[in-house]
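In the two assemblies presented below, chain A is common to both, partnered first by chain B and then by chain C.
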Partner chain A sequence: MSVDMAELSKVTVTSRPAPGTTMGRALRAEWTKLRTSPGTLGLLLAVVAGTTGLSATVAAACSGGTCGADVALTGVQLGQAVVAILAVLAIGNEYSTGMFTVTLTAMPRRLPVLVGKAVVVAAMVAAAAAVAVAGSVVAGEILLPAYHATFRPAAGSVLYLVLIALLSLGIATAVRSPAAAIGTVLTVLYAVPIIVSVVTDPVWHDRFEKYSPVSAGLAVQATGPDPLIGPWKGLGVLALWTLAALLAGAILLKRRDA
Partner chain B sequence: MILVNGIRKRFGAAVALDGMTFEVRPGQVTGFVGPNGAGKSTTMRVILGLDRPDAGQALVEGKPYRELADPMRHLGSLLDAGALQPSRTARNHLLWLAHSQGLGARRVDEVLEQTGLGGVARRRAGGFSLGMRQRLGIAAALLGDPPALMLDEPFNGMDPEGIIWMRGFLRSLAGQGRAVLVSSHLMGELQGTADHVIVVGRGRVIADASVAELLNSASSGRITVRTESPEAPGILAAAGATAAPTGDGGLSITGLPAERIAEVLHRHGVTFSELAAHRATLEDAYLELTRDAVEFRAEGPR
Partner chain C sequence: MSILRAEWTKFWTVRGWVLGTVAVAGLIMVFGLAPGMSGSCGKHGPASECKPLIGPAGVEVKDGFTFVHQPLSGDGSVTVRVASLTGEIFAGPGASRPGLAPWAKAGLMVKSGTTPGSTYAAIMVTGSHGVRMQWDFTHDKAGPSGSGPQWLRLSRAGQTVTAAASPDGSAWTEVGSTQLTGLPVTAEVGLFVTSPQYSTEFHEGLLNGSQGGPSLATGTFEQLTAEQGWSGTAWHTDWIGGKPDWSETPETEQEGSAFRVAGSGDVGPTGAGVSATQTLVGTFTALIAAVVLGAVFMSTEYRRGLIRMTLAAGPRRLHVLAAKAAVVGGVTFVCGVVAAAVVVVFGQRVLRANGVALLHTTTLTEVRLMVGTGALLAFSAVLALGLGALLRRSVTAVTVAIVTIVLPYLLAVTVLPVEAARGLLRFTPAAAFALQQAVKQYPQVDDLYAPAVGYFPLSPWAGLAVLAGWTVLVLGAAAVLLRRRDV
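So, the complex of A and B:
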């Protein structure tokens, strides 16, 4: 078989490396991916609508003045479910459609892929959460006589939602099936706090309250006196859970066949 | 270009690859053929670093695929045309892939035109027929203008027009000096397309030969001659051939090439109305080679 040398050299000349680092390209690719997924915009809007809507509803119901100021950010407890779904789908959709093999063919170094997804999801969720929390604060100012906006619960709530998103991403990376991942995350978000609340032994109840991801994380919203765990410390506990989930996801992703 | 060396891979108790070894050379279409379960897809997944082999290695341009900085500029591949998010448009699917290789939107539009998808670029890929998805997969494989391409069953789901397009396309890619590896479980699909064939069964290579060699080996040199002459068998036997009547007025001859038979008969003044060499099809050659390698064979009625 004769080879047209002119054509052959053309092929090799054009395949010189393009600019950019592996990490930079992974970030750009993941950004394009999430941006062009039609579900993303809707979910981000749902984060804002769900969080602000629930916060405003609760604040309006409490306008008699019977509630404490901390109800102003109640909507975060709804927004977290939407944030979790968005983060789970960011990788779960790829597992369920088989597209993840295409991703890993394009970017065979797997850690940058996960880091890219984490950064992009965190950035999008942070933006939506900031709007959502701002909306809740405004609703509180208008509807709750006892409420005065303070920095820590508001900023902490944004960080809380970002951490929940990353926790969900880590879990979804580990378990692969989006349904299983969403089930696991919703259990962590809603079932665990219920179980903790019915533990009767006071020592164990306090321990769970301080070290389970959601109750510890939500301590950052506390405005009342004498919390079980300090607000930033509580958020730190959630951050450790998130780190553990991402690490578990990363290790499994690196070790197993795609 | 692509070098596969002694790859072994087990999934639990099942041996998927059992010392798979071959090489894919530039400037030709190499067919990668074997029955279902022979290990074709697993081999491709190992080449791409998706599955880790238990032993052996696969190299693309001398390097493991995972170590290539922008792998799609070295090896373009299509494993599963359905592996995409159905809600994303064709163009956006290619766009994120381009970005992952440091390429831009202009290259995306080029490959869309090249594969005839320009008109449907902004439609959701989920609405595409399998044939259109195959084209989209080919477009993705071409993004990095790679010197080597690897396609798993690209003819699947294509209509006759699509198959003709695909054949011409594969030929032109090889004509540009690229190495093209194409898997199929139907040898017939590769006749007229592949220059070289690697036949696999039970996780290893059964035959690695040019299409011409493969056809010759399967043809067994049998030639039929149609003649009225009663002396013909004797004359041919004297020249060193074995002649047996076929039952319908012809002679089936082995032991001499067609040119020699014609010459001998001519020299003895024997007239004949037909002289045909039995050419095996690629399919015949393949069936002969894989007879023992088919994992699940239907048994006759008992």
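So, the complex of A and C:
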């Protein structure tokens, strides 16, 4: 409880007739909260370490030359889980500690709060993801003879991680319980692709590949011939899912009691 | 005991947890009963019905080969020199390239009749696995290795068939002998040649798979003699199991006791295929629900400070941890077993009704799939509970559990080459998915036994042992910390 009181005083201090718009103040508040909350730095470092580490490990396992060149960015599969934790905790922690009522007392307009969180989470994840993907690219260049860094898969992977973070934030806002939220997100990230992979009915398989968030989003990494969905179009599908999750979160946030 | 009851009461009175339990079972059933696959069996009239060929051991088998044979009664023996074995491999429509499939076979066989799937014993020269004795499709015994011409001998005494090999025709080594129950007094004896489908791996983008085609083998035999009670020279050729896989298989050529025989097909167990494992795909989603349940059941205590009250009521901390593990493990186990029982029994019917040629699973294996799914979920949930106690944060605990259990499997079935995938499924908690392997992998059939189609590197119980090992490790660390640190 002591932590909550400290946070309370901080928030009331910064929300005195302060300069700037509501949005600006919301941004600054969210930035301060996320930056100072214990674990954020560790999670950002874990995004980098996990992504680069897994990419390098897979590249080393593949150096015999039996894999396609796009395995260089496999680490994103692990990085996305850490990104999801960061995003879920950004709002889930407030729900589970009761901090959120305090936040909403200071910021009675709820949408700016969510937008502020989304912007701050997106910015932090973008920075970490850029470093992580760069690390993976370097590992691929060193370990995979067949690999040549290209712009689209690398930049697309950074955007992919940002979208996954926002998707997680939307889901966590809607679900409220952090554990249930991370369960839902991880189901989307890991279980759905596995289920899609065993659907052999060609029509349904293609539909799932094209329109499920992860398979479509990861199309941006593809370098092989003739993927089911174009790289940017695939990322667009993920962006739509993200938008839907954020909208659902926003509507529920506005309508229900915190 | 009272602690156990307290934990059980905590569990079933929280609505979210009961819903989570229902979700564990429900997710397995939803995905297991929804037909995600369709096939062509029985979909185009009665002629398209897929009737699997079942061998004497009760498993699906292939029985297609060229047989140069005659009926011979009572005891006796037959000897031949295999002078050479050469082959061709399918390389696109109308094209072929020279090459011998590793399991191309040429040798001697005694078989109860010409009906496919009937009992047999054989000694053979193979493409690259030396001399082998094989019988009743699933049995395989290695003889002398090495290539080059070989003398082979097959002898029958009652129901015992003995096989021997020799490099020169004078010094014989016994390869093995077996009892063939159901071998009639008059059996079909002679030369056989066959060559199985070959497959090679390919990696394209995020997809792994295999491609292949039929192959043809041609064996040249010299000095075929029936002796020691058997006699006769009226050898004639039959294609057992219908037309060979290779569309233009040459006819047998005979010159006295010398033969040139070509064959294509296989005599042995069926290779990799769709099995009951397919019906258990919902396990992945259920696993996540179980892991959330396990992690939250522990970390909730920390969140609201309930742990202080729990430990005040039951000051022996390890008993509290054990009781929690028992409750969450027990509940998820029961859910898993019940749901798996439903999908293994009914999901297979749904798939067959959808025209999928499903490999046959014995009842004992089906029971193992059910119990195994329950154990997989229970151990995962307890692992997550341990992580929850260790990390005191449910979100991190859930993610660590999922990333260590599900992500290795996902990587194994998507990006990793088969060898690296097998390595990963040996030591990560994902090894326990071996519990869901429904059909056996046979070394004498070359096929892509990849995790993606339900073949795992460890035996089912060894796989469970790996997950159990990780669970014990984490729970042990959690116990130590729970005792040592302040709550």
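Everything below uses one rule, namely that the second predicted complex is superposed on the first by the 241 of 258 C-alpha atoms of A that agree within 3 Å, B and C clash if a C-alpha of one lies under 4 Å from a C-alpha of the other, contacts with A are read in each partner's own complex, and residues count from 1 in each chain.
Everything that follows uses one rule, which is that a residue touches a chain if its C-beta (ideal position, glycine included) is under 8 Å from a C-beta of that chain, and two chains touch if they have at least 3 such contacts.
Note that this is a predicted model, so its numbers are computed, not measured.
J.: With the two structures laid over each other on chain A, which partner does A:74 touch: chain B (first), chain C (second), both, or neither?
T.: After superposition on chain A, A:74 lies in contact with chain C alone.
J.: Thinking of the overlay built on chain A, is A:193 touched by chain B (first), by chain C (second), by both, or by neither?
T.: second
J.: Is A:107 touching anything from chain B or chain C once the two structures are fitted on A? First, second, both or neither.
T.: Only chain B is touched by A:107; chain C is not.
J.: Looking at the overlay, does A:28 come into contact with chain B only (first), chain C only (second), both, or neither?
T.: Only chain B; A:28 stays clear of chain C.
J.: Have a look at where A:254 lands relative to chain B and chain C in the superposition and call it first, second, both or neither.
T.: So A:254 meets neither chain B nor chain C here.
J.: Quick one: classify A:148 as touching chain B (first), chain C (second), both or neither.
T.: A:148 contacts neither chain B nor chain C.
J.: Please work out whether A:233 is in contact with chain B alone, chain C alone, both, or neither, and reply first, second, both or neither.
T.: Once the two structures are laid over each other on A, A:233 reaches no partner at all.
J.: Show me the chain A residues, by the header's touch rule, that chain B contacts in one structure and chain C contacts in the other.
T.: Correct list for chain A: 97.
J.: For chain C, which residues are in contact with chain A within the complex?
T.: My answer: residues 16, 31, 35-38, 201, 203-207, 278, 281-282, 284-285, 287-289, 291-292, 295-296, 299, 303, 394-396, 398-399, 402-403, 406-407, 409-411, 413-417, 420, 423, 452.
J.: Please give the residue numbers of chain B that touch chain A in the complex, ascending.
T.: Its residues touching chain A are 26-28, 45, 48-52, 65-66, 68-74, 77, 79-80, 82-89, 92, 95-97, 99-103, 140, 144-147, 175-178, 195.
J.: Quick check on the complex: what are the chain A residues that touch chain C?
T.: Residue list for chain A touching chain C: 58, 61-62, 64, 66-68, 70-71, 74, 77-78, 81-82, 84-85, 88-89, 92, 96-97, 177-183, 186-187, 190-191, 193-195, 197-201, 204, 218, 222-225, 227.
J.: In the complex, go through chain A and note every residue touching chain B.
T.: 1-5, 7-8, 10-12, 14-15, 17-20, 22, 25-26, 28-33, 36-39, 93-94, 97-99, 101-109, 257-258
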